[in-house]
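Okay, so here's the structure we're looking at.
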């Protein structure tokens, strides 16, 4: 586990105010918001602390706060992007917010991806559905300093073509030439003009067969996908210590007080959300 | 000088009878006090006691619940169900000391524009006399004050 | 020679403090239920209680507390904070188990991020604890490494005199000393004996329990299902626990104005950990009971080198189905042997 | 043979012959007078069962444990007459099939425990009918009478004080065999009808909602009042609701399993005394 970075705060429950600078529909029910701090002091605090992997609590007064990752990379700290699926009370309110509206943000909290430890290595990114956002912040952190890394492979899958998020960026990555992009949708989720693969992420991953040597894998997705993909990675020869993932549990405080997010003795908010597969294996599986 | 007290009254009404009755009151140019905010629902069967609690939570001084006369329900028996519910809920409100003038129930048909206007007139006057629902307002105010410790 | 505070002087004692602008709190009994609240004078106190039914934590971590108020206008959000006042407080007549609980939760509320709501109240308060000379069937402080006269978390410890006419006074902290200074003239020198402290039997071997709990093999033991089969999943044990600190953050109001509150929450509740997706990491009552025990006797001590149970016994005393930490640890203690 | 012995041997027999997979009963508790619910699945363990005048908890709620009755096997349960009524209501509300339940019925008179004849929920209709008459004739709780004599303002003040203590632990809900909703209305947040905070307003709202949802369903077993850690007299609220459904609709909750839920049924000539 990387160390948690603690921002200076007076009242840890008081959020900063952010303006929605842009909204983008990603997929049915999935939206990205680009947010800008209203108070330069908050922006300064954020920029001083933020590292890829950290998360925040996004809120709308009157509805509450909801936890998700910061989807923008540490190489671009003058705004925050977040991507979420409209599902509960807060995300429903966020989804109906418009450009120019004000929302709140608490954070960034948690630990980070140790990106400097990835220098000189090949990188394999694997994401499923709405879990591309946490992966994406790592992807951009690396692409923004492309020369520091070896081969970069991105395997991304969703249930259907419509459910793929960041479609523009997927095109951008496909066209760069220095990234291998493998896209897949679950069987039955393909559209008539779908030119990429059809199949579940673990299967497609095994077919793509990236070499485990000198390679770091970053894996984010729903629990069931993680479970099977970890098995596939093992089969391919990846060591658990070289596989990074994020855990997402229900949170209210984000700062280790409210008592919900722990898996065994590990508080996801304080000691996560970024863990190696080795660290996850050491946690009690029944608590995940 | 404080302004004279104007009661806030929320009326939950069914669309087929009481709402139509209110409409008739309007088109007949009958005058009734503007203190009532009407919330239109498909049927009294849809009016949950939760609505009444919500109205008080938001500061209402009085609530009226009204629908079709027994036998006239557009959905045949929604108001019969409502009547049982009201009986229980009304008893509960009485037992917990919510003054009788704060919650009223009535049957008003689409033809009873006059009854609607008169009823609104009388309950508004009754609540105006009784004054603001201070007991409840005090509880609301407490939620906005710092913890007692 | 020790200092003695006589019961007869308590009236003057309280009035002196209040004249100095100090808020006075103490154990009070109302409608068969007891807890701590502000009192004007000592007559309101119930000094005969072995332990209040509700805990001291309410004075530092109220069951519901407004944190922020917000009002939203065009292109602006205004918030203001409800930070607790810094007016000094004296809490008279806490019990050692409750006082210890506050010290334990200090660790949590200061874990890298400092919870001002907790600490403002903590730093303004002086806890004057009365050592226990009686106990009931549920007391188990001695099993947790504490005792009827533990000083942990207290600023002043009062030992009841054998005569029942007052207390021997021991100041433990600077804050405690300061509170005593204002009543210095009421503290008499004397040689009276203190009443013997309550005899609280040791019910289980705590070390054996923590060893068993620390073994990952036992996390999925059948034991958890068996011990918690009758748990009905209410929040009584957690809400009446001096150290349980879990909370929820809730907004009340509308999208124009309202209040963000911190409310007690409980790991016993099914919805506590439920994700929006419907996935629930602790989906069964046994998993939730395991969480409560593990949290107190494993996780908390891993983080802060102290178990978060004071042995007050309320979880067992008040449980509608007669469960509690006591039964669970007694059972583990036997398993381990 | 003591009644405890009789019931132990019945439980042993039921488990031994395999006609039930579990017996839900009472066992010894932390102190001499405390009893706790126990779940016996082996005939060898029936000696752990206790039956005496301290066995007052209504155990019917345990029958709704997720998946417990899913395998269609039977379960025997110790029930007071109120418990049998709870069973009837649960059956009427399609939460369980009484055919799966073997009732080990008993009643407590003073400090004496008496056996009740019968094994199926329907076997207890006579005693329940008798209870209905007793309930009708029963004078209201002393405090309820006092409350009725108060002015509305005094009543409001009384309940305000009582509810101000509520800590929202939801022990009343958890202990109640009738509170079987998978997700309680107060736990739904879209919309959030009543406040979840335990300030007095939120507490008043919660207790009104709960009392109303139990109108005509409460069997007055006392589980909620017993469970309440801050001693709120919930039985007064529920008792008042029972008075109302009895007098207005002649409805005695849980009379039998065919009984229609009082608020999900109606008569065209239901009384109306307060509707304008």
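Just a few scattered comments:
Letters A, B, C and D name the chains as they come in the text, with residue numbers starting at 1 for each one.
By our rule, a residue touches a chain if its C-beta (ideal position, glycine included) is under 8 Å from a C-beta of that chain, and two chains touch if they have at least 3 such contacts.
Because the structure is a prediction, the values reported are computed rather than measured.
Between subunit A and subunit B, the least number of touching-chain steps is 2. Counted by C-beta pairs in contact, the busier of A-C and A-D is A-C. Centroids of subunit A and subunit C (each the mean of its C-alpha atoms) stand 39 Å apart. Per-chain CA centroids place subunit A at a distance of 48 Å from subunit D. Averaged C-alpha coordinates put the centre of subunit B at 33 Å from the centre of subunit D. Under the contact definition stated at the top, the residues of subunit C that touch 2 or more other chains are 64, 248, 250, 252.
The set of subunit D residues touching two or more other chains comprises 195, 197, 199, 202. The multi-chain contact residues of subunit A, meaning those touching 2 or more other chains, are 88. The set of touching chain pairs reads A-C, A-D, B-C, B-D, C-D, using the touch definition from the header. Subunit A contributes residues 88-89, 92 to its touches with subunit D in the complex.
The touching residues of subunit A, when paired with subunit C in their complex, are 4, 6, 9-14, 17, 60-65, 87-88, 91, 93, 100, 102, 104, 222-223, 248-250, 252-253, 255-265, 270, 284, 286-288.
By the touch criterion stated above, subunit C contacts subunit A in their complex at residues 67-68, 70, 72, 75-77, 79, 81, 83, 108-109, 111-117, 216, 219-220, 245-251, 253-256, 258, 260, 262, 265, 267, 272-277, 279, 281-282, 287, 291, 294-295, 298-299, 302-303. Subunit D makes touch with subunit B in their complex at residues 147-148, 150, 152-160, 185, 193-195, 197, 199-202, 204-205, 208-209, 211-212, 215-216, 237, 240-241, 243-245, 248-249, 262-268, 270-272, 274-276. The residues of subunit C lying in touch with subunit B in their complex are 25, 37-38, 58-60, 62, 64-66, 69, 82, 84-85, 121, 252, 259.
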